[in-house]
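Quick heads-up: structures coming right below.
Both complexes below contain chain A, partnered by chain B and then by chain C.
Then we have the complex of A and B:
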């Protein structure tokens, strides 16, 4: 018996103006991990959403165990044994794990009442069978991300899934948590489940996949196995041209002190301490990388440094000015560039044309404003120059930023921030969710800024990015810098442990 | 005279005053737990009060009137759902539309139908006594000797609480209001749930409206029927953290202050002394309970809930004061005596709102990707 558990043939999906999937053929065999690789916009999500019934294909057929099926909605998919672990977990935060799992297929006793105990027993059985440890009585929002993900996987298994689609499952995990996840994936495949593993991280693909398919521009451009390929080759297949995975850079030449932070304390939105006494320094001409799992105070740290969040203790010195309680505009005028973590919320006014987004920090200064009037011609000229210099792909400079791709939106921000004469660059997750080509471009520009004598504070949850760009690496854990190490001697394992809050001294015994 | 009978009567009247607030708050809870903001409770109550009154007059049956009121509420709820889901109208605007519409329609038709034909009401729903239970001192007359909609309200609070937290329907309703996409991916029809719950919510407001004309007042006069109680009900819902039993407790506090205002206007008791005793009792009971929950839930072994104990002690002093010192007779103008519920709204909302948490997805239209 060698019938594939899932086979799709000639899947095509058109959106207005875009061919998202172009005659894709794919098969998934029993008990294998099929890695699906591709940039944002390559059509991975569209294909998975079709298989999971969230979209309907324009053409093509889906076969489960050799039998053609029609999948019109997620219930159909669940009935066919397909389960999806979404990148943004589909769990209700205020409910318990058990309540989340029973949702939509509740056991009832006494005609009306939820039978929670029965569900809990079933979850515990599944939990044991697959080595997925999770407390069914815990409230989801109190659990760490890794545990939430295990809950999400159990939820899918609980619904009888034989085929699991994992959508960028490691994006939110520490390296150690990712290792745990890989063990779970292996335990699942050993017990006969089949897995589609969507990712853009090449390292993971090489480690976990039995077979690899690569999508580009809506087409399937290659099928291979880890043994037959290399990371460089996969990157080239994804992008369609040669890509430099390594950023080339000279050793840093640190100069004068630009940013000095002493014992900084900041609260988060819920008024809980988020930054607990951070002390760090960044000198001209060096990149200080701040590594850490998301949600360990990075966002609050960056917002405090850029004047967007109130500081409750400590001191910030920027080029000799005390900017502890400075307003954002003062911070900018002293010479800070800020690439914010959430480009849609804080980086751009999405409804504005690109040309206006490019002068958000300088619109009030000449040549963009004279007396009381904005100068449209100067704004447009500026935009035309920057679009050219930073290779922003946009139909015109009057196009709203919302209609650009993620990578090009990020380039708009980078162009705006890097084109000013700055002394300090604060970049938070500068390449999150954008394509490999744009990542390469932005990385090159960050290094160029460094070489021009700018102090760079790089905050990123991507360990590869931190290691590629930084001269020194500070690891943040629960709002504290628990260690700072030189980049050339740092290893993934060492940083991974630090990110999980374990000091080497403790880990040694 | 300030004796046990006075307080029994006061607390009994308080429950009556709380009834439309609780029903209104449950209307809001049903809608908002599923994700639809309902600020149109006031309008729904008004329409139902009017329609229920007409229903009763034309059919010559109070119960038919109640039914008409509830059905009117259902229609109003369905209308809000239609605006919010089908036509994607901003839900605050949708609620405002209902409030304005209700004022316009009822005052216009009140002139045409009621005034022009000099229609008069047919009385109010009778008081029902539960045998034996009604004879228990203090509690008996308060809980077991009431008019039917007040009884229904008490039962509905517990039914809704159990339904919301212990049945599949409740679990789905909460999921839809918190994270509709998660509900959708496990096969729950998000918008169908919202239509259902918002319509049920409308029925609660309908019952509140029927209470006003058919159980409390007995007639319909445009402009003075709901008196902002739909909005106080919103405050009750928010302060009660979208939980029916909490809403009952908070509405009852409003009821006490409202009843106190009514009672003091009669002028047969020492106003200042009564105010002191009632406010003191509230502080004593509230402070004690609050201190107890703090003490039981404390993380730090040595921490004593000082503020809460001080509150309770201050309350005790206020209760005992009239017995120890002579409190002078005063004559507070009756306009001021009507103020307490509104002042209390401001205080409770200002004090509690930071600590409550609305359903995460409320007010947002759910669309498939």
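Then we have the complex of A and C:
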């Protein structure tokens, strides 16, 4: 009988106030894709970090090819042939791909000069072998997210990994990039590599997995295969109840104009035009979805609307105020909530306790500040209420946001922004990294806000999300809205073409 | 750059984190004393004897205790100044210069105007704080406006302050005490001197009370006011601060102003409470030592007070130590240097004691804006 390449037994890990992993048994067979599912905070990343040596388990053993091993740090893990691609990439942005790969390879010591050309040749060989297209000479920060991820994978392979752990690799990818990644995954497993694949997207699980394991509350609650199960059943297994995979909503009843954007022009960080004359309107009580492949100006558009980025041309009107050049606080005070795309850069102060992150935009207003004094009790009460309402899994509200699971960090942001009394909600990738149960909750909440008369601007790379929530869909391509279509009649194919820059009229020719 | 990983999360709870920091500080001190002791032994001295001498010099008599307290006071002021900067993500190396400017402003206010006693002292203190604040506002403004890094600009403002002051007390300098052969300034009027609680030398002046108020004030400011929230937010994540509607540039300048005011106040207290004049060498290096004090105290006002006490004890005790035991006072400087080394680079002692990895939550802002953004 073939030994599993990786087997863990009785893995247990406690954090202050949480049992993150509770006697988990798991095995990974050679050449398979093992998909791991579970709610936010179920303990998936913790288990992977233990296997990769970033955390040490309190109890339990790890076996590689049947032999027990002790993994105390990532170097040990790499020696055991384990590699991990983190949800947030670990590449040095200003270095090239090749330089990044050489960084970790201290055993190249002994050479006085680093042999860059050799590394480049090796990268090219790997990249051909597994269909991982990446230019070793390109600077990392210039690469699109998908290519950065391929570079991460190459790095892991370069260090001789036989077992690859991919923690929510598709969360940051566009559907096309995700498809590319799946091709790579298949070619890896065909050549004998074994893969653990964490994701919240059930569609992907059904497509790529050989076997599926589900974690809930730190325990392993089920093992199955795509053939034996369905998306609905998986959702049920994860959350422990029925999940509506589709949002129910009435037709919108648009009211007064809330946001009117005319011919907006914005530059990106490198001062290249990113938004080239965008015109759009959002009315009270409607959801305008902005669909598009990532990197087509969505981020710059949102940042310009919220006062975070300079506008170089055009005009923004928010509830009758000219906010073209307004400061962020002005935009907020007129009545805007903003779920930012990059949760670690903008959305959170990771070192802050959850309760402080929940008042990040309102700390200076009553009841949180009275006569120049912060009111710790009011801040705490607010947090307790939101943690409860939004089902944020945290031991206490004084726990630093940094020790929450990825999805729970996102929920902190969503809770903060959705709980404010606003007229305009700008949500960029609001459900990135969030489990199906919570997605359902957030989607319902967005529709409830719409029905209460809030204007919603939804920016998302998830076509499903855009189609489920929007009343109208604006497709952005190279910084321009190339078309706006009503959501009822929009099809995936039509949107897909538009997102690729093919206009219907032209497509018909 | 997004290099945040699950791994860099702080594994410890708030309390765990707190006690861990205290632990690192204490370890650093102990380790430094041990190495210091080894050096004493290697150079033919008796470490126990030396440290006993140090202790006696700091606490032996009432006079010694007063001296320790008086020596601790400026370390607290300057340490608070550095700590406020760090909390706001700013490495204010300019505390040294701000302290000098505060001294000089208090000095001028102390002899150039006539006011009733008490009021005069208060006025001179205020001018000292103001001087430090303005001097610190310059690098703050440069950073906010142009992005010029405060480490560079505060080093420059230090030089400027030092040189201008040295010139002004040199022969024929405007502040030089007329007719004196020494580089010293005029004396402040008696009405501007800080009243003393004892009649010892040095006097236990009321600057000691002021500094205690300052400690609590800084605590209140940082953790109990919206401005403090803004300072800490900017210090930890300037992008998130901007997103939250905080005026980052304004906050940077304000942080420097508060930091500089504390340093200036420290300088003023020194001049008005101790000598009553300024001379070369007075307080030199204090602003730099206070960086160690702030780090030792984890940039927390109470920690700073504790760290400052340690430095005050060593400064007050080293004379007696050298006199009584022949252990050279330089050993104290070595120990202080070692402490700075260990608290600034906890990685050095971590493997020794198998401490857990430093978590994200606790890399308090020391290098938060080193990359230049802000």
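Assume the second predicted complex is superposed on the first by the 336 of 509 C-alpha atoms of A that agree within 3 Å, B and C clash if a C-alpha of one lies under 4 Å from a C-alpha of the other, contacts with A are read in each partner's own complex, and residues count from 1 in each chain.
In this text, a residue touches a chain if its C-beta (ideal position, glycine included) is under 8 Å from a C-beta of that chain, and two chains touch if they have at least 3 such contacts.
Please read all numbers here as calculations on a predicted model, not as lab measurements.
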Residue contacts with chain A in the superposition, chain B compared against chain C: C
Which of chain B and chain C A:75 touches, first, second, both or neither: first
Touching partner for A:86 - first (chain B), second (chain C), both, neither: both
First, second, both or neither for A:328, with chain B first and chain C second: second
Touching partner for A:355 - first (chain B), second (chain C), both, neither: neither
Partner chain in contact with A:364 - chain B first, chain C second, else both or neither: second
Touched partner set for A:99, first chain B, second chain C, both or neither: first
First, second, both or neither for A:344, with chain B first and chain C second: second
Which of chain B and chain C A:54 touches, first, second, both or neither: both
Common ground on chain A, meaning residues reached by chain C in one complex and by chain B in the other: 49, 54-55, 86, 89-90, 92-93
Residue numbers on chain C that touch chain A, as the complex places them: 1-14, 16, 223-226, 228-229, 233, 236-237, 239-240, 242-247, 359-364
Chain A residues within the chain C interface of the complex: 15-17, 45-46, 49, 54-55, 86-90, 92-93, 167, 306, 308, 327-329, 332-333, 338, 340, 342, 344-353, 356, 360-361, 363-364, 369, 372-374, 395, 398-400, 402-403, 405-406
Chain A residues touching chain B - in the complex, by the definition given at the top: 49, 54-55, 73-75, 78, 84, 86, 89-95, 99-100, 102-106, 108, 112-114, 155, 159
Chain B to chain A touching residues, read off their complex: 163, 166-168, 171-172, 174-175, 178-179, 181-188, 357, 360, 368-369
